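If you scroll down you'll find the structure; I have some questions about it.
Each chain gets a letter, A, B, C, D, E and F, in the order it is written, and its residues are counted from 1.
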Amino acid sequence: MLKLIPGVNQLISLAIAEDLYQGDITTASLPQLRRDCLAKIILEEEGIIAGLELVEIVFRQLNVEVRLQFNTRDGCYENPGKDLLEIVGPAFAVLAAERIILNFIGRMSGIATASARLVSRLEGTKCRLLDTRKTTPGWRYLDKYSTHLGGVVNHRFGLDDGVLIKDNHLLLSSGIGEVIRLVRKHTGPLTKIAIEVENESQVKEALRNNADHLLLDNMTADQIRTMVAIVDGKAQTEASGGITPENLKEYASTGVDYLSLGLLTTEVRFLKMKMEIQV
Amino acid sequence: MLKLIPGVNQLISLAIAEDLYQGDITTASLPQLRRDCLAKIILEEEGIIAGLELVEIVFRQLNVEVRLQFNTRDGCYENPGKDLLEIVGPAFAVLAAERIILNFIGRMSGIATASARLVSRLEGTKCRLLDTRKTTPGWRYLDKYSTHLGGVVNHRFGLDDGVLIKDNHLLLSSGIGEVIRLVRKHTGPLTKIAIEVENESQVKEALRNNADHLLLDNMTADQIRTMVAIVDGKAQTEASGGITPENLKEYASTGVDYLSLGLLTTEVRFLKMKMEIQV
Amino acid sequence: MLKLIPGVNQLISLAIAEDLYQGDITTASLPQLRRDCLAKIILEEEGIIAGLELVEIVFRQLNVEVRLQFNTRDGCYENPGKDLLEIVGPAFAVLAAERIILNFIGRMSGIATASARLVSRLEGTKCRLLDTRKTTPGWRYLDKYSTHLGGVVNHRFGLDDGVLIKDNHLLLSSGIGEVIRLVRKHTGPLTKIAIEVENESQVKEALRNNADHLLLDNMTADQIRTMVAIVDGKAQTEASGGITPENLKEYASTGVDYLSLGLLTTEVRFLKMKMEIQV
Amino acid sequence: MLKLIPGVNQLISLAIAEDLYQGDITTASLPQLRRDCLAKIILEEEGIIAGLELVEIVFRQLNVEVRLQFNTRDGCYENPGKDLLEIVGPAFAVLAAERIILNFIGRMSGIATASARLVSRLEGTKCRLLDTRKTTPGWRYLDKYSTHLGGVVNHRFGLDDGVLIKDNHLLLSSGIGEVIRLVRKHTGPLTKIAIEVENESQVKEALRNNADHLLLDNMTADQIRTMVAIVDGKAQTEASGGITPENLKEYASTGVDYLSLGLLTTEVRFLKMKMEIQV
Amino acid sequence: MLKLIPGVNQLISLAIAEDLYQGDITTASLPQLRRDCLAKIILEEEGIIAGLELVEIVFRQLNVEVRLQFNTRDGCYENPGKDLLEIVGPAFAVLAAERIILNFIGRMSGIATASARLVSRLEGTKCRLLDTRKTTPGWRYLDKYSTHLGGVVNHRFGLDDGVLIKDNHLLLSSGIGEVIRLVRKHTGPLTKIAIEVENESQVKEALRNNADHLLLDNMTADQIRTMVAIVDGKAQTEASGGITPENLKEYASTGVDYLSLGLLTTEVRFLKMKMEIQV
Amino acid sequence: MLKLIPGVNQLISLAIAEDLYQGDITTASLPQLRRDCLAKIILEEEGIIAGLELVEIVFRQLNVEVRLQFNTRDGCYENPGKDLLEIVGPAFAVLAAERIILNFIGRMSGIATASARLVSRLEGTKCRLLDTRKTTPGWRYLDKYSTHLGGVVNHRFGLDDGVLIKDNHLLLSSGIGEVIRLVRKHTGPLTKIAIEVENESQVKEALRNNADHLLLDNMTADQIRTMVAIVDGKAQTEASGGITPENLKEYASTGVDYLSLGLLTTEVRFLKMKMEIQV
């Protein structure tokens, strides 16, 4: 349902503008390219596919009609050589769109694939992986859509759809109790209150004030274990900071409900794929 | 001069919308945050800084006046702990902008830093590193601005500012000579003609037709060396495909003029930095 | 903090375009209007003021510099004759902006004032008033900002910042339990699950599946009282449908946590105010 | 012909963004909603229908294909229970668009219906009802389109399509004669000159200067009658200010050509309607 | 007051994008250009100046602060060598804006100057010159602003601010009388009705139906004279079609009120000017 | 391939807004115009046609479906009376689009036709005609597209797709050699370096620094001949400044490679055409 999202449509419009603001001077020179061609998007390494739906919007924004045949769906795991998608349309438009399409699907599939690898390390635990707001500007929705396809649980999408009281909020205000009270008064019935806590005394004060979700920040796995015991189910718990692919399993074993991991979206590698043209 | 670039202004506008389309519900609850605060952007690992100029535009788009003091400039190498930038302004706006700013500067600095590491491997050779159009959609200018700060030479920015005749163009047309002739006729006096060639016969045909720039695609270092000898200075040469950080030096030693490397922008890691607030 | 909100800036841009797409042909004829004037916004009936912050953005979008002096703040109750705001700037721009400003502040203040009157009827009860998504298209944020100033609690702003499972979702799916399970799996840790229920059996099934918030739809006050007893604090409760200014108090006495009222934003009357110019 | 209007398309785009900037998290969780459904818009109270044409644009902007069957047309009077419109399309898109569509058609139909009620009070007189520029910002075209469907005559749409010299223009200039002369010189052959006048001497001066249209502001019905006699057909006459649904008929009986009434667009109540889904 | 006009701001934004979508690669290479410079816009041939106000908006959209000193005003006649405007600001921004500014002012001044030359031919007659809607797309407001500075009277700006019934409307409808009646019923009190007429019988029918303005299309001067006599002041008259700079005076002598002339905006020559930089 | 170009789509959107921001009040009054009609675009004077492809985009942006039949193609030379294009669609939409379409195609065809006339004067020489950046703001792409259809070679489209070192760059920097060195270092492998030179010493210095393209500015034909001899094929040569339709041939005979001519786009006359409706 990517096509419903206003920001995604705008990002595609930026992607088109940056690549062909004054057109494609190579293909514009070649009259043969007005004919139709058949293009295939071929996967070059294994992974989870993400972003196929965007292809339709790219061509719609280019004002060009093409026929698309999808041979897989977002979220599916595919092997190298897989022909993900076939496009039949005017060659000049297909070539103009080639890099835009590959950059979208390649990047999104790369995020989904890497996310899935990390999620698989938590198998057998009840702990779930969360993403963060450390995303590439303009890409918040697509980054989180991709981690979600990899099995990650999406944390809040923006500052407008979830409350998280952080150290800086506390620093500028007057104590955990007062801040929670103000936020609760200001926000609606569907809003949970999450708060970043750094030590036992903050955990206890947050619980006293009925925080819904505790973000246990920058603690060792042992510290997390202790805090989880203190919380004792009275709030959801999330560990963040200092968590790596290597110690993920250890943190997950502490009984904490969620681990949040910035690198899901701050360390990105495109999945390799290419476009092949057939005459 | 990032602020002149229309697409950059639009990307910032997307970045603001995705994070606070309906505002920041946490800070909106806290009346104390209407006061001014002092915020510092602190570097957490060494690297080359990129994107500082965007901070001013973010606040301008938020319709908020702040005072900015920059303690470094784009392109400078800084150490962990460095206070890159100080912001004095209303706390609610500084906190609303925090993640947007960090995501821009963090990502751009990450690209610049990684680029510089790869460029340094070519020291002592005459070969220069090129980026590609394999960039994150919406980020073409910023991605290339960042690799440039790392010492990379920017290849064409879009399909509209350079001609590159690729295999798909040839496949759909009628031979190297004819394609070069058509493109030269269609394009202006400042346009060089680059062509992707895959073997000796294509190299020779391209030279016969006075191509300006040969992209030697998917060849071993040895093959590159042979082709460079054939070209013998009659055109610029670029190797692409199969080049990795590990074999970079080897390819550079072939005498080829340029190496182009997709991973400069397809494998990205944000440089770590944070915002600290002082009351 | 209205000025941070992207949609508000865009709505102002629409408001300017619709009133002076080809300029103001009356003032453009009168060279005397290039001089500065002093304009005052005078309240003509008592009420709660909302939207003052937008004045600055209107003039910024008109590319005109004015000096503004505010004599009250959003959320304050003012009497007829109150001089809310003084503007000093070029007369042609002040006159061009007059109706835009009055329409914004007048409409928003009208909503805030009517909301406050309804909220005051619940004084002495623990029940709180909620708004809905039945807002004027393009005005969601401003409508809800205005009801909030009147003391109303904002329900979710859009389909993207809260889950509400309605009869149509259930109709198209396979039972309350399954739907809640799917939604919980798909959404993040800060998302509460609200569900519209129409009878006792649905209430019980929703509770069994740990719904966070029950929307008791189209029930009499007596039915609400019964359901609230069944819920017994295990979820938040909200009554909606059939609630009017007249029976508000009666519904509030049922022990339900929230009443939601579409008419807060579907029955709107501008608060009267005018602009006076002084030479 | 609403679909031709640029501002209407932009307002719909705002309406979509404010409701689903990050998507519809409820329906996104439910895979069954990818199927098609049949939805009907059912009227819940009698009134004049307005805005049906917008439904097509909403779905177009959502990039979704639906089949629409209209069972009535804009401007028709319909009874409760009437099935105005049937939509067949993917359930996730229909549910995402539901509130947007209802808010547009409900609000517009409410304005048209109330306008028609007021217009009917003037039956048997030659006096006609005018709307004003006191509209909801962003909604100028739609507000006036709706009053027009109710039988109201549209006054100027903006400051750019009609001249109205008001008290503030006079205050800042040098007399009625001079202002009319300047405006006539500056504007084109198709522009009528309307002027707000407050007393007999202004009426006479306006007539001496061949004003086309006199806006008799804030006068009693008796005063209006006197002025109309003075004007004696040498200009069009309009009464405004202090006119209410109650005294409308009395004002109309004065012989004045037009009554303008702000409340047509400043006191708005949505017409009730709902969407019903069928599997 | 150009800066108030939304479309003008958008056109400037297009002008910036088309010239420096990916920046100015020449100046970006030259670090010395970060310094301030003084630039002067020097007129190279005599004429009427138009568009100076746009300079401020260009730099505002480039996010750059400059100091501007204007040595003339829009509408003034200046001689070659005149220093119209001085700009002090960062050299990279001044050079980036140079061509944009010259193209705007040069084109607008060219139109104003040519318009003034044609207007001067009507001196001594009561006939006035009108422009048309035959303008360069995107430039309607600026084209008409420029002709106005040259002394031309602006005809309607768009299809939305004036009624003109043309042959095609009549062809598709049922007679002059019926069309005028329908239009009068549909439009407001400030709308005059203009109608294109081609012969005496149409003139008479239009007068019978109280048309306000007759567009006498494609007639010889003699025919116009006859028609003007028939009209005898009962409507405004305008001659259009076949009018050239050469026969302008002759047509003006017929007693017709207005001549409309497409070539005011369909035959355009930029006024020559240049930018000089001083270190 | 005009429809791919983002700026062209935006310009069309401006063109629609400026003509019918609040609709077409004439056709909106006439219910008969909801029927389909057949419209033909008829050429009224001979010339080269340009811009036909835009018709489709205009109607798409108006959200209206029409059937188009093209009887010629862009770049073809046609005679008066030629029926270029037939449109079948709802009359209200065809009439609303009439002037927009004629203004686009008329202006573009005018540029193409005039360009072709000038190009034909160079027949038999090897010299080619170049356009400049002296285009109508917002029209860069369309202006250059049109000159290209007339046989002109397009010079760079913007400051971002070609380097041209001009006198102002030199003035603010430190000598030709240094500037060329800096630019070469900063730009990529596909960028040629053009430099404006005014005398023999500059020509020689530019050659010493391997400039690719010399713009010989404001020289007589004799001076050009001398410089061309000095350059002797070591760089491309372009003459600019002082070239007129009259002396074009003389300049061409100097052996210079290119002549650039601002008047291709600064002196524009629309080609005459009209729309005829058939019932």
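In this text, a contact is a pair of C-beta atoms (placed from the backbone, for glycine too) under 8 Å apart; a residue touches a chain by one contact, two chains touch by 3 or more.
In this text the structure is predicted, and so the values were computed from the model without any measurement.
Student: Taking each chain's centre as the mean of its C-alpha atoms, give the chain farthest from subunit C.
Tutor: F
Student: More contacting C-beta pairs: C-F or B-E?
Tutor: Result: the pair with more contacts is B-E.
Student: Let me spell it out: compute each chain's centre from its C-alpha atoms, then which one is farthest from subunit A's centre?
Tutor: The most remote chain is E.
Student: Per the centroid of Cα atoms for each chain, what is the distance between subunit A and subunit B, given in Å?
Tutor: 22
Student: Let me have the rounded angstrom distance from the C-alpha centre of subunit A over to the C-alpha centre of subunit C, please.
Tutor: For subunit A versus subunit C, the centre distance works out to 31 Å.
Student: Subunit B to subunit D: how many Å between their CA centres?
Tutor: The mean C-alpha positions of subunit B and subunit D differ by 51 Å.
Student: Spell out, as numbers or ranges, the residues of subunit F touching 2 or more other chains.
Tutor: In subunit F, residues 7, 17-18, 20-24, 27-28, 96, 140-141, 157-158, 160-164, 187, 191 touch at least two other chains, as defined above.
Student: Which residues, counting only subunit D, touch subunit A once they are in their complex?
Tutor: 13, 16-17, 20-24, 27-28, 62-64, 92-93, 96
Student: Considering only the defined contacts, which subunit E positions touch subunit A in the complex?
Tutor: The contact residues of subunit E facing subunit A are 17-18, 21-22.
Student: Mind pulling up the subunit C residues that touch subunit B in the complex?
Tutor: Residue list for subunit C touching subunit B: 1, 3-7, 9, 56-57, 60, 140-141, 157-158, 161.
Student: Can you list the residues on subunit B that touch subunit A in the complex?
Tutor: 7, 10-12, 14-15, 17-33, 35, 37, 91, 95-96, 98-100, 102-104, 106-107, 110, 133-141, 157-165, 168-169, 171-174, 179, 182-183, 185-187, 191, 262, 266-270, 275, 277, 279
Student: In their complex, what parts of subunit D are in touch with subunit E?
Tutor: Residue positions touching the partner: 130, 153-157, 160-164, 187-192, 194, 212-213, 236, 238, 257-258.
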